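Naming follows writing order (A, B, C and D), and every chain is counted from residue 1.
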Amino acid sequence: MNDERAMQQQPGRTPAPPHLKDGPGPGSPEAAALDATWRDPPGLLGWLAAVNHKAIARRFIVTTFCFFVAGGLLAFVMRLQLARPGARLVGPDLYNQLFTMHGSTMMFLFAVPVMQAVAVYLLPLMLGTRSVAFPRLNAFAYWIFLFGGLMLYAVFALGAAPDVGWFSYVPLAGPDYSPGKRTDFWAQMITFTELSALLEAIVVITTVFKLRAPGMALNRIPLFAWAMLVTAFMVLFAMPAVMLASTTLITDRLVGTHFYNPAEGGDAVLWQHLFWFFGHPEVYLIFLPGLGFLSAIIPTFARRPIFGYTAMVLALIATAFLAFGLWVHHMFAVNLPELGKSFFTAASMLIAIPSAVQIFCWIATLCSGRLDFKTPLLFALGFFFILVLGGLTGIMLASVPLDLQVHDSYFVVAHLHYVLIGGAVFPLFGAFYYWYPKITGRLMSERLGRWNFWLFFVGFNVTFFPMHLLGLRGMPRRVYTYQAGLGWDTLNLVATLGSWIIALSALLFVVNALRSLRRGAPAGPNPWGAGTLEWATESPPPPCNFHAIPVVHGRDPLWEPPRAAADGGPPPFTHVGGLAAHTRELLATTVLDARPDLRVNFPDPTIWPLVSALAVTVLFIGSIFTPWAVVWGSIPIAIALTAWFWPRRAETAVHLRLEQGP
Amino acid sequence: MTAPRRELDVSALPSYAFGHRSLMWWGTFGLIAIEGTIFAIAIGAYLYLRSQADSWPLGAPPPDLLWGSANTLILLASIWPNQKAKRAAEARDLVRTRGWLLVCLLFALAFLVLRGFEFAALHTRWDHNAYGSVVWTLLGLHTVHLLTDTYDTAVLDVLLFTGPMEGQRFVDVSENALYWYFVVFSWLPIYAVIYGVPRLH
Amino acid sequence: MMDALHDVLAPFGPQAGHVRGLWTLTLAVCTVVFAAVLAALLVALLRAQRAGAESAPDLSSLGRPEPGRRRSVIAAVAASTLLLLALIAASIFTDRALARLSTDGALRLEVTAHQWWWEVRYVEPQVADSFMTANEIHVPTGRPVIVTLKADDVIHSFWVPSLAGKKDLIPGRTATLNFRADRDGIYRGQCAEFCGSQHALMAFFVLAEPPERYAAWAAAQRRTAGEPAEGQPLRGREIFMRSSCAMCHAIDGTSAQAVRGPNLTHLASRGTLAAGSLANTPEDLRRWIADPQQVKPGSYMPATRLSSEDMDALVGYLQTLR
Amino acid sequence: MRTPPLRMAGTAVLALASSLALCACEREMRRFETPPDNRAAPRPEAPRTSALQPAEARSDPVRLPAGNGEGYEDNAYNVAQGKRLYRWFNCAGCHAQGGGGMGPALIDDQWRYGSEPAQVFSTIMQGRPNGMPSFGGHLSEDQVWQLTAYVRSMSGQLRKDTAPGRADALQANEPEAARDREPARPGAK
């Protein structure tokens, strides 16, 4: 491993003297040693080998945001085409690729991964630790996601983009009606992104359960961490369905299996069951992290702890359970037993209750707080208007008779954008304004922020509200054009105008983000006076996050600092000490009440996650063209993974010096 | 008033542990949850397709019981060396861990060989009809898990013989055994579905 | 083009009517809830004091519970739960009502969806009385209709907003949809499930007529195409038979019996061409035959290049198919 | 320090991408406009008999087309269209799913009148003695080229990534994309 040695020789990697233990705060030699230890190696190779959760998460966030912009531009072109009846700006073939790419991008390349990316950045800081669990797996998950997304856009550039919708219903997506490789690329993109999401779920679960600061019992972790934990568990049980579905689709297309061939005992509806068993939880995978953002933003700007913490947690869990019980409401138009449909109607409506609980708790928090109207809070308030409206149209769609009328019409387009943009994108923008200073050390411009918010809010409603009416007037979804004189012309034109406003606001956001990198006001550790741990360390955080891991005494550690016992008992612990500073050693705590449990050795940076990701990419893309790729493609993967896990003697020696059996 | 700095010294804590105290255990747990869900959904698909068909299995006799049952026995038997390996690892007995891991490996290889015969005994192909497709998928999925865990065990054992040794390796062995149990116990419902359901009337 | 009704909120039959009723109720409830939530939020924003980031957080809630707030939150949740239960009940009752549509003496249709047009078969007790048409469904006003839905290639969805909710047509399965048109009129329907290149131009029309007008229309539809007059029409038929037309289309009473495209026996009696893409005028018919890809890119109808007098003859013949 | 290998890798990737681009483009393109040279004049001389038997084979000398079906065989969409037309126009009536019946087998490429695209084209256009009807005039030229491409795919003569996969129908034999060129099957007329 000459690259390993190359890294050993990097200046940043000169191992600190082994006697140094952490504990003394910033400024001490121990602190310097910790930073040197946890910093990613310099140079291009070091960049490729990075495993620090903040480095990976920054790339992850930027990548997903680029996909968000790309997907938005696709939608913008669609709106241009639909501005006038019978427009010939894009033909049916291109249009079908556009809306398929738009849906797939937003769902698989933006909404779910961006939440996980933000979590990978924030969780260790919020929970008071120095890394996510399995940092190399985390890096691998990012690379595999990146390559999957790049593949999809590469084939789009080659005019071979999938064109059968982000839901790829068979038989239209099957071998008989979707010639060429377009749908195969879609199916493999699913495999890439879902693999990444599943691995990130494991990372999140382990991080939240095992790597919390001492004292942060489960009933004290920030609600955002709860939201991500619940989301991660949903990923574990939802994503496998779509991976199996996409695999059976691709085998139908490539090796002639008959899962979806009615003439040979297959059934097209099986696809819909598999897809929506994933597809509906998917919506909540996107929505729950959004709720987590709000539960972080609202208390800070209401200057008080959240109202009804326990109710909030239970609501998140209830949502997760119900989310698996309503996939059939996407299939009401299929002839299925009526009784079953009534059950799914009930489930689909009742899932509104947990959301209602949280909304009311937030309102209670706001009305009893002292408000600080900053841009993040504005986006949080925008959520209330848009998400509630979208939720109510969702209740309409849950009712079988109403759904049979508006299903697959523009009413649904309106609904899903109200829910997803209101429920995920508005909180996400709020979160971006909220944590940007933590990530970059500088505040974003408030003035541009307000413009950004109001333009987005207005543009969004101008674009999507008319679509409700279009749907009620009988305009179906996924049409590349429509005829004049059907009463759809004006509303479509209005929607297109709205899309211009959204584009402008997005542009302002990008400008604001880039300008503030240089010109933004220095933030300091805690610009908002927030209460969670990520604000305890400087902005941007040092490579090791905390020079001394804090001991937690409340739900908002910065608002509830340790207090000396009144009865003159021993003073409470304030911070952790005794972890090695010259190697990546971390404190693992117990799952329930976060008592110190283990000193865990964390792996050093390595190039092998990237190499493994490349090997996997070769297999996935090769298997689109020949099934044998699965055989020969697995050999480099095996080699790369073995090299990944094989311990280096130098590392082992360091570990042995610190080793202490259970 | 806020308290003065007081350090919680953790330098005496163990640096590795077995079971759910170790991060590895949670990683393995996550994998098991994912794979288990995949199996469950694949079985669901099997039963769904059956519910759509007038006769089952489609255009083929039920698969022969011989190899499948033989494999089930071997697989169940392989719990024993795994348990031994797990115990040895948790006792941090390098020599016996190596040995028992080797035995596990032999079991796995024997199983993989028989698995070949099992495919032949299905009397159908993935491209004959939906029944063939779903049976091959079920059996294929499980075989993939066998292959990966076999390879995993092999690498681990080679590491125990040649590589630099530290306590964490014993945890890896213990988690490897845990995953193997999953491969064994997930097989039982799959066995019941592949070999039992076609015989139901 | 036929100006037709296609509005969920303007029902012209009992099925769409029930849904309209449910819609009104749900919309009312949802509007009230929406207003209430926003009002509560607004009150909260107005009542709450203002403070900056530097101000110390108010930790009083940590010490003592907030019974007042808890009570109001619980009340709000309880209220929303009750409203939801009410809506569930309403939805289920509407479902029952939809299922109860009487089908005595119903007219039986069989609709088969193709990429990208609708094949309509009127199924009568006597096979001789059954007949085929395409993209245009005539029904007698006030008489229930039972539509059997099938798909020939991919999944489509049958939707006439003014008459009833939609139903998917899935290859390898059949579904049925019952509706009744209570008022004369032309109701537009369109495929609602994405089905490929021309999903956008896959419309059809339901024409509800008084029973006697319907009967007359049906009688006309049962007639096979007569012998065309000498001269242009006759020549037109020759061209039809000898060009690519006859490979896909059928004209009852001639040797053209192919079933790949719409049955043209009564083409001239229809209001539109190419599944509602064009008005059925000689000019548009010319355009359509000469180069379908200009009108409906990706449609499966090949271009037929004819000399202009041949085209005149062909179009002239097709015009006689009433 | 590692720039030269990087640059090499970069150029390699570029070359790969561009070659990919070319094949992907022609493989995936869907031309929805009718080719200008597309003639489908009615055939006054031969009366149509039935859908299965559009017209007797022509007695006049065989005329090969100008081109050799460029742009059809390497385009998945066109091949798929050919497969649809094969089904629509009931070619299976004589040739079955390629196994042959009344007509000769098509899953081997030992064809009496040649297996070059141009030869297959004129076989379809003009028909052949003793059975093979002439579809000239009844099919537009691009349709015949699409059929030609598909017919050749049945004997595995096309790129694997443009040949069709399995159909949503009863399976007679393996998907065209999975077939390799076979030697003549004895007994197949």
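Keep this in mind: a residue touches a chain if its C-beta (ideal position, glycine included) is under 8 Å from a C-beta of that chain, and two chains touch if they have at least 3 such contacts.
Since the model is a prediction, treat every value here as computed from it, not as a measurement.
Colleague: Per the definition at the top, count C-beta pairs in contact and tell me whether B-D or C-D has more.
Modeller: Looking at B-D and C-D side by side, C-D shows more C-beta contacts.
Colleague: Distance-wise, how many Å sit between the C-alpha centres of chain A and chain D, to the nearest whole number?
Modeller: So the centre of chain A lies 46 Å away from the centre of chain D.
Colleague: Just curious, how far off is chain D from chain C if you go by their C-alpha centres, in Å?
Modeller: 36
Colleague: What whole-Å value do you get for the distance between chain A and chain C if each is reduced to the mean of its CA atoms?
Modeller: 38
Colleague: Among the residues of chain B, pick out those that touch two or more other chains and give their numbers.
Modeller: Where chain B meets two or more other chains at a single residue, that happens at 127-129.
Colleague: For chain C, jot down the residues that touch at least 2 other chains.
Modeller: 171, 197, 297-298
Colleague: List, in ascending order, every residue of chain D touching at least 2 other chains.
Modeller: 30, 32, 166, 168, 171, 174-175
Colleague: Once the touch criterion is applied, which pairs of chains come out as touching?
Modeller: Listed in label order, the chain pairs in contact are A-B, A-C, A-D, B-D, C-D.
Colleague: With touch defined as at the start, can you tell me which chain D residues reach chain A in the complex?
Modeller: On the chain D side, the touching residues are 1-2, 6, 17, 20-21, 24-25, 27-30, 32, 76-77, 79-80, 160-162, 164-171, 174-175, 177-178.
Colleague: Spell out the residues on chain A that touch chain B in their complex, using ranges where they run on.
Modeller: My answer: residues 21, 23, 25, 133-134, 137, 198, 201-202, 205-206, 209-211, 214, 236-237, 239-241, 243-244, 248, 251-252, 255-259, 261, 264-267, 270, 273-274, 277, 548, 551, 561-564, 571-579, 585, 587-588, 590-591, 596-601, 638, 642, 645-649, 652-653, 655-656, 658-662.
Colleague: Quick check: in the complex, which residue numbers of chain A touch chain C?
Modeller: By the definition above, chain A touches chain C via 91-93, 96, 164-165, 169, 171-172, 177, 262-263, 267-269, 302-305, 307-308, 311, 333-335, 338, 341-342, 345-346, 349-350, 352-353, 356-357, 359-361, 363-364, 366-374, 381, 384-385, 388-389, 392-393, 395-396, 398-409, 471-474, 476-483, 485-487, 527-529, 531, 554, 556, 559-560.
Colleague: Which chain B residues qualify as touching chain A in the complex?
Modeller: Answer in residue numbers: 1-18, 20-23, 26-27, 30-31, 33-34, 37-38, 41-42, 45, 48-49, 52-53, 58, 92, 126-134, 136-137, 151, 155, 159, 163-169.
Colleague: List the residues on chain D that touch chain B in their complex, please.
Modeller: 166, 171, 174-175
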